[in-house]
Amino acid sequence: MKKIKVAIIGASGYAGLELVRLLARHPGCELAALTSLEYPGRTFDQVFPALAGLVNLPFSGAAPEEIAARAEVVFTAVPHQAAMGMIPGYLEKGLKVVDLSADFRFKDAALYEKWYQAHTAQNLLKETVYGLPELHREEVRGKRLVGNPGCYPTCVILGLAPLAQAGLLQPDSVIADCKSGVSGAGRQALLGISFCEVNDGFRAYKVLEHRHTPEMEQELSALAGTRVKVTFTPHLVPMSRGILGTLYAGLTESRAEEELRELYRRFYQGRPFVRLHPAGRLPDTRDVRGSNFCDLALRVDPESRRVIVLSAIDNLTKGAAGQAVQNFNLMLGFPETLGLEVAPFIP
Amino acid sequence: MKKIKVAIIGASGYAGLELVRLLARHPGCELAALTSLEYPGRTFDQVFPALAGLVNLPFSGAAPEEIAARAEVVFTAVPHQAAMGMIPGYLEKGLKVVDLSADFRFKDAALYEKWYQAHTAQNLLKETVYGLPELHREEVRGKRLVGNPGCYPTCVILGLAPLAQAGLLQPDSVIADCKSGVSGAGRQALLGISFCEVNDGFRAYKVLEHRHTPEMEQELSALAGTRVKVTFTPHLVPMSRGILGTLYAGLTESRAEEELRELYRRFYQGRPFVRLHPAGRLPDTRDVRGSNFCDLALRVDPESRRVIVLSAIDNLTKGAAGQAVQNFNLMLGFPETLGLEVAPFIP
Amino acid sequence: MKKIKVAIIGASGYAGLELVRLLARHPGCELAALTSLEYPGRTFDQVFPALAGLVNLPFSGAAPEEIAARAEVVFTAVPHQAAMGMIPGYLEKGLKVVDLSADFRFKDAALYEKWYQAHTAQNLLKETVYGLPELHREEVRGKRLVGNPGCYPTCVILGLAPLAQAGLLQPDSVIADCKSGVSGAGRQALLGISFCEVNDGFRAYKVLEHRHTPEMEQELSALAGTRVKVTFTPHLVPMSRGILGTLYAGLTESRAEEELRELYRRFYQGRPFVRLHPAGRLPDTRDVRGSNFCDLALRVDPESRRVIVLSAIDNLTKGAAGQAVQNFNLMLGFPETLGLEVAPFIP
Amino acid sequence: MKKIKVAIIGASGYAGLELVRLLARHPGCELAALTSLEYPGRTFDQVFPALAGLVNLPFSGAAPEEIAARAEVVFTAVPHQAAMGMIPGYLEKGLKVVDLSADFRFKDAALYEKWYQAHTAQNLLKETVYGLPELHREEVRGKRLVGNPGCYPTCVILGLAPLAQAGLLQPDSVIADCKSGVSGAGRQALLGISFCEVNDGFRAYKVLEHRHTPEMEQELSALAGTRVKVTFTPHLVPMSRGILGTLYAGLTESRAEEELRELYRRFYQGRPFVRLHPAGRLPDTRDVRGSNFCDLALRVDPESRRVIVLSAIDNLTKGAAGQAVQNFNLMLGFPETLGLEVAPFIP
């Protein structure tokens, strides 16, 4: 198989590390460049001894010339704002880009600017696509720039998309109560995520203020054909990986649970990474750990005409690096699942 | 201070153990009898070496004569159904009883029987009280039998009571998304709560089916003066103790966040165990660990006229044993906080 | 590539589950039969939803006829004693067997019987080999029955083998202070490994009594050419996977640290799963998680002429299922690393 | 009871926080001043909401005049070097000091300077005492300056003191393999102790280089009357609190296990915080969590004439703040156990 040379910009963060873990075994690519601001002059396996013997590339600089000389595709796993500063340079050099930041997730620059800051590469927004392949697979194919979705939005949008598209979602009823492992906060020296401040505790954070909210609303509104509002509450779980979304929505029309399950089944037909649980079984984040799966279950409360959807992903895989590889596969013409057919890591 | 002799029936479960931990230092009582079906003939500190040098009572039988010969007050920390089998015998012997099971929490036997099984001591229901002192303090005083609330209901009812009483709660809008530590499942040999099946994972369980639902509805409905329905979703957190409830409710009338905060402040005035966080601070289960506190915060989403209340308790303390001691204090005429003025256990 | 049909006997324990996880992606084999006493009539993915869409074989019986009709190689992941009851039947049917129990690890039946119970298949002991390929690779090739080593012995023997073989190990000086994740206790409903009994604690167990001791002594003595005694202390770490051995040994002759490192380097040349850390870096069980690696580091205390070796493995992979696959590869003539070239699972 | 006014210098670290937790309920003292470099102008409960309603002192400066105006006794919970910079000033103002740093633990300034840096208050060393009350209770009484022991040394010295004093310890045989919870690293923003870098892993650190080594050697040598060398290996456990020491030592003379147990029993007679386990029971750090206990067990390997002692403490309590309170009690003439009679925190 033809091997595409890839670069990972920001390879020493958790999303970057997960990209390395996945791409090191991807039969269609070759790791050609890894960059990091924090570890100049060191090799990847010096910083991550887990990968010793597998990946010993040195961390290099991220200048477009340097990257273009070595790679064909770039994964940018750097913070928002930094990403849009670099990406135009990569594109000019003819590179394709999967961006894991928030910078190219929004169709509407004003929406981005409301939640983030001024957007300095607005001209690119019209050509990008929101890289959730379960919704936008065809648009991703062949693209040179894809905005890889946020972790929470991936969980929430996949959990509610079939209802939104079917017109069954009461637009002002959506509550997304989401719980994330700590790796979602990034690989950082912060007191608030130090072991003793997280272990054996549970808390909400950024209630009504989390920047992933507008992504959810953008995609669900587009599906529903009307403005869908999401009340989103993120929480921190004392675990490393995983997001469970408990999603509540009023139904516009009464539906039996099994009818909805059938709706979901049809919607996700041919989407290999979405697994719908049968009645009586509920997702566990452990069951998707390290994999690109999104596990879904649903329950209907007939009395309140409310549906509860449970949606589990690994925030670093389907919520970041795995989905980026899925987009890479589509952009390059590989089978969508290439390099991602890995069993979840249990126990 | 006069020392009341107390017995703990079921002292080798987690609620029983927490009772021992609290009562061993309570200045108004003396541990007189500890029973366990599992460890006959052994002493408490043989089973729980943590208490060596502090509590060395042998585990004894639970027969009413035996208990009455040694104690004045009984805490029953046994499963539902077992409790109502034993309690009439204790009452006949003149003992006072704080029951930690579900058997005496319901005013309406039919409601109990719908969720549990036949109630075999219905005659006692009319004299008992739902032992949530923040709501029923005066009724608890002097009672001989108190039904100690469930852990989840304590968390949820305290979180929503001010809204219910003020008529601000839309009766069909309440969602209680609750997350509990594993001790809530009891001290049991079960595969599903073994370390490797829980560690580094997160899952919901018993969605729409958990028996704590009718307790929440009973108390909130009584406060609201109308039937309040609760959509309750329990989850399992990889931690030992603690419950965080994320409670969503529609408001019948628009209210500013600070107005609601003032409503809560007034409602819990003189309730020493409820701590209302100021704007900008959110509860963490770690902050109440091992204490009888319930920490509350609230946020209003003006756009949706929806309030989000965060409510944190320790499931074994305020959610079980600590609240039982609080009820004991009220029943016996002690200050409500006696033996419970302990700092939370951090880090 | 030719696909060998394999059966896993005891596929619902953690070692069996890890075998499934590894073999599901092994290019040289096909899962043909999975057995379990606990889940008759259910499919693998019903019991382990993590594998949904990947492995949906039903659990079947373990009778030799049934297995021989479907498979060529059998992995027995059942308790000791049960294993030696079944294995002769499989061999008679012409199957090859990798046994993960202790039953075929000892050359000397008397030693086995001292620590376990009567050995009922002693005639097979002379033809088996202790399946630690770093020591016995050539003997494993082509064998029909291999006794796969215990998890702790794998960690300890690999940590000390170079010293033993070089005659540098004081035979009565060896201390193996080992720390294991909880999966080492198996997938069981036991109070002692329930989450709340393990979380946030640390303890030793079976001090001087653990059955893995004689394995360590057998192999180190054989290498040293003299009887080596091991003082072995196992401990339980609140984590799911991994063993770290901190190994202390007196040196028969003074050696500089770098000399010993060179000795290890030579000893493990051509052993792809042993990674020797350079000076200044220490193993972490996280760095080998889910992989077949054994990471080693060593420090010499010149004052006491004592060496400290740190040895890290994943107890379920190199300590059980991964090593079994390594043996399978050698028995069947595959490359030793086939199906095992997986990056460790971090973070 | 007379209330002594106390100040805690460095009250926002974990040892300082644990002092607050303990002293807030100590019947013989009143918290008069809390200092922190990090949170000037904030109150204690703003930084630690767990203590809301219990401790609302503002963080103040640490100048001797300021402290002397408000307190009689000072606990210095600041890093070494900082401590010896401040303490002479406090003593000049007539304050008594319990120092939790390493600065006043050594009798020999040269030993301190070998492992730390230049000692700038050497004149005070001759009047201080190593505040391990089980060894030096009488010397602590009435002292104005006590050097509170390190966490690991407390664990190790208590574990081996009876053998050292009895002349049973082979002086070059001692190995202290110790495992600590993460709070031992302090309350800091460091990548290496962030949740995802610690969770579900286990590792050694500072092998042969940890600064707690000379403390152990100082005290054990003094007891033995000969130079005792300790090979000390610290490890990091994914838990918040607790140290388990697994201590190995050769015996100068053969002794039966029960004889040694009797030796320990006599040695620790009248030492209320040391609990010796009977044969067949082993310490767990959970059993001492939040308490000032040190739990000990011992096993003799007759074949190797080696003893294995298991020693468990809570690093923040007996290993730091609890022991500091114990020293405070002795310095001030209170009963040794005052304020420390708390049940360990389980589960």
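So that you can tell them apart, the chains are marked A, B, C and D in the order they are listed, and the count of residues begins at 1 in each.
In this section, a residue touches a chain if its C-beta (ideal position, glycine included) is under 8 Å from a C-beta of that chain, and two chains touch if they have at least 3 such contacts.
Quantities reported herein were computed from a predicted structural model and do not represent experimental measurements.
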Query = Measuring between mean CA coordinates, which chain is farthest from chain B?
reply = C
Request  = Write down the chain pair in A-D, A-C or B-D that repeats the interface of B-C; the criterion is over half of the contact pairs matching by residue number.
outcome  = A-D
Message = Applying the document's contact definition, name the chain pair with more C-beta pairs in contact, A-D or A-B.
response = A-B
Centre-of-Cα separation between chain C and chain A, whole angstrom = 36
Request  = For chain A and chain B, let me know how many angstrom lie between their CA-based centres, rounded off.
outcome  = 39
Inquiry  = Averaging over Cα atoms per chain, report the distance between chain A and chain D in Å.
reply    = 46
Query = Which chain D residues reach two or more other chains?
reply = 14, 181, 183, 187, 196, 199-200, 238-241, 283-284, 286, 289, 347
Task = Flag every residue of chain A that touches chain B in the complex, lowest number first.
result = 172, 175, 177, 179, 181, 196-197, 199-205, 207-208, 229, 231, 233, 235, 237-242, 244, 246, 248, 282-286, 289, 299, 301, 303-304, 306, 308, 310, 312, 347
Task = Would you mind writing out the residues of chain C in touch with chain B in their complex?
result = 14, 181-183, 187-191, 193-200, 238-240
Inquiry  = Taking the touch rule as given, give the residues of chain C at its contact with chain A in the complex, in rising order.
reply    = 14, 17, 20-21, 24-25, 48-55, 183, 187, 199-200, 240-241, 272, 275, 277, 281, 283-284, 286-291, 293, 295, 341-347
